[in-house]
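When the chains are written out, they are named A, B, C and D in that same order, and each has its own residue count from 1.
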Amino acid sequence: MKVEVLLFASLRDLTGADRLTVELGENASVTDLLDSIADQHPFLKERVALTRVAIDDRFAAAEDLIPPESELALIPPVSGG
Amino acid sequence: MKVEVLLFASLRDLTGADRLTVELGENASVTDLLDSIADQHPFLKERVALTRVAIDDRFAAAEDLIPPESELALIPPVSGG
Amino acid sequence: MASDSTQYHAELVSSTIDVSEQTAWLADPGCGAVLVFCGNVRDSNQGQAVTRIEYQAYESMALSQLREVAKSLLDAGATRALAVHRLGMLEVGETSILLGISLPHRKDGFQLLERGMEQIKTTVPIWKHEHYVDGNVAWIEGS
Amino acid sequence: MASDSTQYHAELVSSTIDVSEQTAWLADPGCGAVLVFCGNVRDSNQGQAVTRIEYQAYESMALSQLREVAKSLLDAGATRALAVHRLGMLEVGETSILLGISLPHRKDGFQLLERGMEQIKTTVPIWKHEHYVDGNVAWIEGS
């Protein structure tokens, strides 16, 4: 399946976009998503290592599966407050 | 010498006054002052044990001497804030 | 522990945070202690002179994470909890975050407030874009 | 360490403490953190329903001790420190004490604020005269 992943902060500047499109296999996990991003967008490879994934407004664990129709986002280390 | 000692909170209510007069020997210490109060105003005896003395707006130690012309006060345990 | 949703509040705002209004909301007749933390934009960061900071958020998630912070402060004993984060461009001295709690006694308040700020600094998806005197800008990631 | 006397302020007041005005004074372009503690009159104490509290002070000493608290917060790292105590009769919900600090980073702020409150609660000669629903009154000595 094809998914969209929201981008923020430096990832937006780096890509010039506020989202990425990623091609994923069935039953892909968060780890698979990050691997696919690194494969399909190699210039993000190093950044992805430091980045968490959110599924529907919640931080996801590495082994969580990506549900269809969910809102996905890459969350670099936060600095609000 | 004769000194005046300022009173606050329950000590004021207990004595019906905002100050006490106490007769002191020469070179009296804070301990001497408290002993003299307990002697000369026996109904304050139990209260004096819990009370600190201030000399000129500062807490005094037991062995400090009472300087002439100083402002003296009995300070029950505080409860401000 | 169940948290009464009328007792906590989280908000993302785009203009000045009214500290006194927010603090007034925290007051409760059963509470002897109200504690408020304000995070303000500093004029320097790691040796560089800062002129202003733009705060960018993943808004839907930031709001739900801020709510989690406020809720967890109630669960930890606060009577009321309030978390307000401002977004957009802020000048030096302006308040970006207000975190406040009220509770019956002051004793646990200080560490609760600290814990809430730690939680905000690590779990709420908001990022600083710092603008420097020399015209440069930088995203701050991690704090 | 020498404390700059323009950077701390202590005051005894007889009317409402203006929290926002006081908090505004704490702000400083070099400070990323402002912390404020407000002590409010609670509607009960040790199981008794409280209607109001009168605060009595040994005023000259209370002011000098409050100044010491503020000064010692600067010595401990705060950039600005503020201690305001209200005297006289206060209704439930009103603020009797405001203690505030600002500092470059939040890290030490929480424990500094707590330490300052402990110092106020043990060294400033002010006493509560509590008024209860049943018409009784009592001096509180020790806290």
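Criterion: a residue touches a chain if its C-beta (ideal position, glycine included) is under 8 Å from a C-beta of that chain, and two chains touch if they have at least 3 such contacts.
The shown structure was predicted, so the numbers you read here are calculated from the model rather than taken from an experiment.
Counting only chains that touch, the fewest steps needed to get from subunit A to subunit C is 1.
Centre-to-centre, using mean CA coordinates, subunit C is 23 Å away from subunit D. Rounded to a whole number, the gap between the C-alpha centres of subunit B and subunit D is 26 angstrom.
One simple way to say how far apart two chains are is to compare their mean CA positions; for subunit B and subunit C this gives 48 Å.
For subunit C, residues touching at least two other chains, in rising order: 39, 117. If you draw each protein chain as a dot and join the dots that touch, you get a simple line with two loose ends. Contact annotation for chain pairs lists A-C, B-D, C-D, with touch applied as defined. On subunit C, the positions that touch subunit A within their shared complex are 39, 55-58, 60-62, 64-65, 85, 96-97, 117, 120-129, 139-143. Note for the complex: subunit A touches subunit C at residues 6, 8-10, 13, 50, 54, 57-59, 71, 73, 75-81.
Subunit C makes touch with subunit D in their complex at residues 18-20, 23, 27-44, 92-93, 95, 104, 106, 109-111, 113-114, 117.
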